[in-house]
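In order of appearance the chains are A, B and C, and numbering begins at 1 in each one.
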Amino acid sequence: MSSRETILASIRSHLAASPPDDQPECGSLFTVTEKVPLVDLFKQSLEAVDGHCVVVQNEQQIVEQIARILGDRPRRIAISDAPALKRLVDGEVAPNAHDIFAFDVGISTAQAAIAETGTLVLDSARERHRFVSLVPPVHIAIVDAQSIFQTLGEALAFIHQNNDISPAVTFITGPSRTADIELTLAIGVHGPQELYVIINEGPPLAR
Amino acid sequence: MNHLSSETFDENAKAALADVQLRGALRNATLLFGKRRLEAARSLSNWEDLRTHARAIKDEVLLHLDRYLETFVANAEKRGTVVHWATDAAEANAIISKLTRDRGARTIVKSKSMTTEETHLNTALEAAGMQVVETDLGEYIIQLAHETPSHIIAPAIHKTKGQIAELFTSTLGMPPTDDIAKLTSTARATLRDRFAAADVGISGVNFGIAETGTIVIVENEGNIRLTTSLPRIHIAVMGIEKIIPRFADLDVFLKLLPRSGTGQSLTTYQSFITGTKRNADDEGPGELHIVIMDNGRSRMLAHPVTRQSLACIRCGACLNACPVYQQVGGHAYGSVYPGPIGAVITPQLLGLEKTAQLPYASSLCGACREVCPVKIDIPRLLLHLRGEIIAHKKNGSAAERLAFKMWARVMMSPALYNMGSMAGRLIQKVMPLSKAWTSGRDLRPIEQQSFRELWKTKLSHE
Amino acid sequence: MWSSVGASTVAVLRRVGCEVEFDDRQTCCGQPAFNTGYRDEARLVAQRFIRIFEESKADAIVSPSGSCTAMVHHYPELFDGDAEWTERARAVAARTHELSSFLVRVLKTEDVGASWSGKLTWHDACHGLRDLNVKSEPRALILNVQGAEFVELENAEACCGFGGTFSIKYPEISVAILDQKIEAIERSGVQAVVSGDASCLMQIGGRLSRNGSSVRVMHLAELLASQTTDS
């Protein structure tokens, strides 16, 4: 008998041996969420977890904000394969797993966001941003205002649509952190040390 | 300091109590974790409903675990995942060793997984000639120190920054400092190279979604994302009880887990991984393997009281709330899983013989049950296990058995009970008045006139 | 175990207008055996308890002990699989109340005409708090004690470390847990600690006395029976 069969048989026989349990009825979890301005809520939530957030009205302002964030120092920039970024930013497109370590800044878009937690939703099937959003110490992400959901539940439904889900979806809430040493917060561990989110209230970025 | 046994819990505990630095660290950590958890729970007006709901979902899955597992596996395999089944720890280690050997792997990066601690996977892989690097900062620290984790969420909670600094200086040649930011960046720099060079990444799994075959892993540091996206092979190890039915159920569990564990609304990263990449040149591993392990869990399904053990989502809240854990820490339990949940699952996983002290290492205060996001009734489980230990004579104390037999005889007979001195002596035999009590506490003497004498002579006539 | 607690309970119940009876055949609720894993012994004693109290025509069975009351409420667990005894256990449990819960929830009384001078605090005994949800009731009763100045204890809900046989199986841990409670008591500056469980009082009182502290322990029943302004 294979291990699979052994385990399944063990589960079945132990369940069969079990006396019945009185299980209380569990009601619905429906809650009414008060609608709030999502851009403001997102900014507030992200800043509470040490992320940075600016709001822009057009592509020109996106470029300006990126320049402001980068500052004067020359930085090696890696960008995702989002067409808008290829147009707006001068950077290496989606470096591979080996080369990505040479870059200081990674820039990507996000497919969606969650306002109540300040979270970015990155769907790897729609954009090659898995490495640029993870390895370089600085991550800049652009998200369209209209892609911001209020709640976690909505974002989960978004990534699991039509009974399908991408091979790798990532939720990002702020820069990386740890409290493993004396429970003291340290920002910037293995993931990016700085996270900047640019919310685009102008026409959605051409994909 | 390390690799203590549950059989010597009492000795371990005494040593821990004498460790002033440990007690200070535990006090600060558990207090802070507890405070954060409470604030996070209070921030959600439907917290209690979420707990009830989560428990109901877990109960549903556990009652039909075979079907949900089969569904999970079928959906995972449809998306290119290779699923392996391991009946026990040895088999899990063997599967993973063989896999890594066959793929010619030499360097393995690992993210924190209690399940792999349970199987002592690192020891097995090292014996097979692999280099395994723990990448979670807390796990990395204890790996350097050759210790085991003392807390489910914060493995190095028992160490001061001074101790960690010394460790880094002696093992990594770091210039002496106890600046936490510098310690963290030292770890980051050292581990970057390992991530870049690793052939295989091994992770745990927080939730396995039956509906889609997705595994969900949560973290703050980013090492899980690195472990599961850079190397060409990802191996995820999962206990059979990690399954939840529907993708939408994550709305409940992702609200409960981070708040209960660290007081956060969400941890920094959640990775939702479903099968392998669709195109060869996409980012990510070319192979995804999931090792599903039993190792004694299926036995717990046999009774509703024990079945709830499998509802645990490994948040660590019970540890922080437990007055015993707060005093002695995790190592004293001599087991991978410490604290209240450890006291109930360790005996069930390893058998009562060697773990008979653990269910008694509790004052039954119930603080754990109060904070458990899935409402596991740990005190009831502890009492159940105590009953099992006595019923199967696993506790070895003939004197105690005799005492309780005599106790019962006295309690069944008011004539005996009323013989004040006899009852008094007996109570003092079973209950306080041994040196165990009087070494730290005085004892209020039993009164001359018992209540029933008082009743008979006076109160009943008033 | 302490006659003054029993006598005080009787006095308080009578003062609020109850007719009190005491069946002197009773012995123990069985908790020490149950908690240590001796289910057979606990079951025998539980059955005896149930038989005795089933016979009573009283409207309620009241106990000054939160943990004994909780034990009675847990009786059905001892008879898993035995439908008849489970039902008999449930019936008795439904009529069994802890004192403060009885006064406040059933009799709707928060003022029992007690008086006691001094500063005091309340320790939430675990079984009463977590098994029976007794929390606001004792506080409401204490606030109505004439002359008493009540302060909330830091971490009033923290366990005192007794835990039955735990206190002698793991005495060092028991005392370590206890010492945190003692520290909070000392910081509060009270003259007395009140609780609803004699076992907690024995634990706390035992350490206070060992420390030479002037703080005394008092059972809730004793406080409520008090009609004196002497401390």
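Assume a contact is a pair of C-beta atoms (placed from the backbone, for glycine too) under 8 Å apart; a residue touches a chain by one contact, two chains touch by 3 or more.
Remember, it's a predicted structure, so these values are computed and weren't measured experimentally.
Colleague: Based on CA centres, what chain would you say lies at the far end from chain A?
Modeller: Farthest by centroid: C.
Colleague: Please find which chain has its CA centre nearest to the centre of all protein CA atoms in view.
Modeller: Going by the distance between chain centres and the overall C-alpha centre, it is B.
Colleague: Starting from the mean Cα coordinates of chain A and chain B, work out the distance between those two points in Å.
Modeller: One centre to the other, that is 28 Å.
Colleague: Quick one: chain B and chain C, Cα centre-to-centre, how many Å?
Modeller: 33
Colleague: Between chain A and chain C, tell me the centre distance in angstrom, where each centre is the average of that chain's C-alpha atoms.
Modeller: Each chain's C-alpha centroid was found; their separation is 52 Å.
Colleague: Do you know which chain A residues sit against two or more other chains?
Modeller: 19 - these are the residues of chain A that touch more than one other chain.
Colleague: Spell out the residues on chain C that touch chain B in their complex, using ranges where they run on.
Modeller: By the definition above, chain C touches chain B via 1-7, 10, 14, 22, 24-28, 30, 32-39, 41, 44-45, 48, 77, 126-127, 129-131, 157-159, 161-178, 180, 202-203, 205-207, 209-210.
Colleague: Spell out the residues on chain B that touch chain A in their complex, using ranges where they run on.
Modeller: 25, 28-29, 32-33, 45-46, 49-50, 52-53, 55-56, 59, 63-66, 69-70, 79, 84-87, 91, 135-138, 141, 154-157, 159-161, 164, 180-181, 183-185, 187-188, 191-192, 195-196, 212, 214, 220-223, 225-226, 229-230, 240, 247-248, 250-252, 254-255, 262, 265-278, 282-284, 292, 294, 298-304, 307
Colleague: So in the complex, which bits of chain B are touching chain C?
Modeller: On the chain B side, the touching residues are 10, 13-14, 17, 23, 323-324, 326-328, 359-367, 369-370, 380, 383, 385-391, 395, 400-401, 404-405, 407-408, 410-414, 417-418, 427, 430-432, 434, 436-437, 439-444, 446-447, 449-456, 459-460, 462.
Colleague: List the residues on chain A that touch chain B in their complex, please.
Modeller: Checking each residue of chain A against chain B gives 2-4, 6-8, 10-12, 14-15, 17-21, 23-24, 26-27, 29, 31, 49, 94, 97-98, 101, 116-117, 119, 124-125, 128, 130-131, 134-135, 152-153, 156-157, 159-160, 165-184, 186, 188-192.
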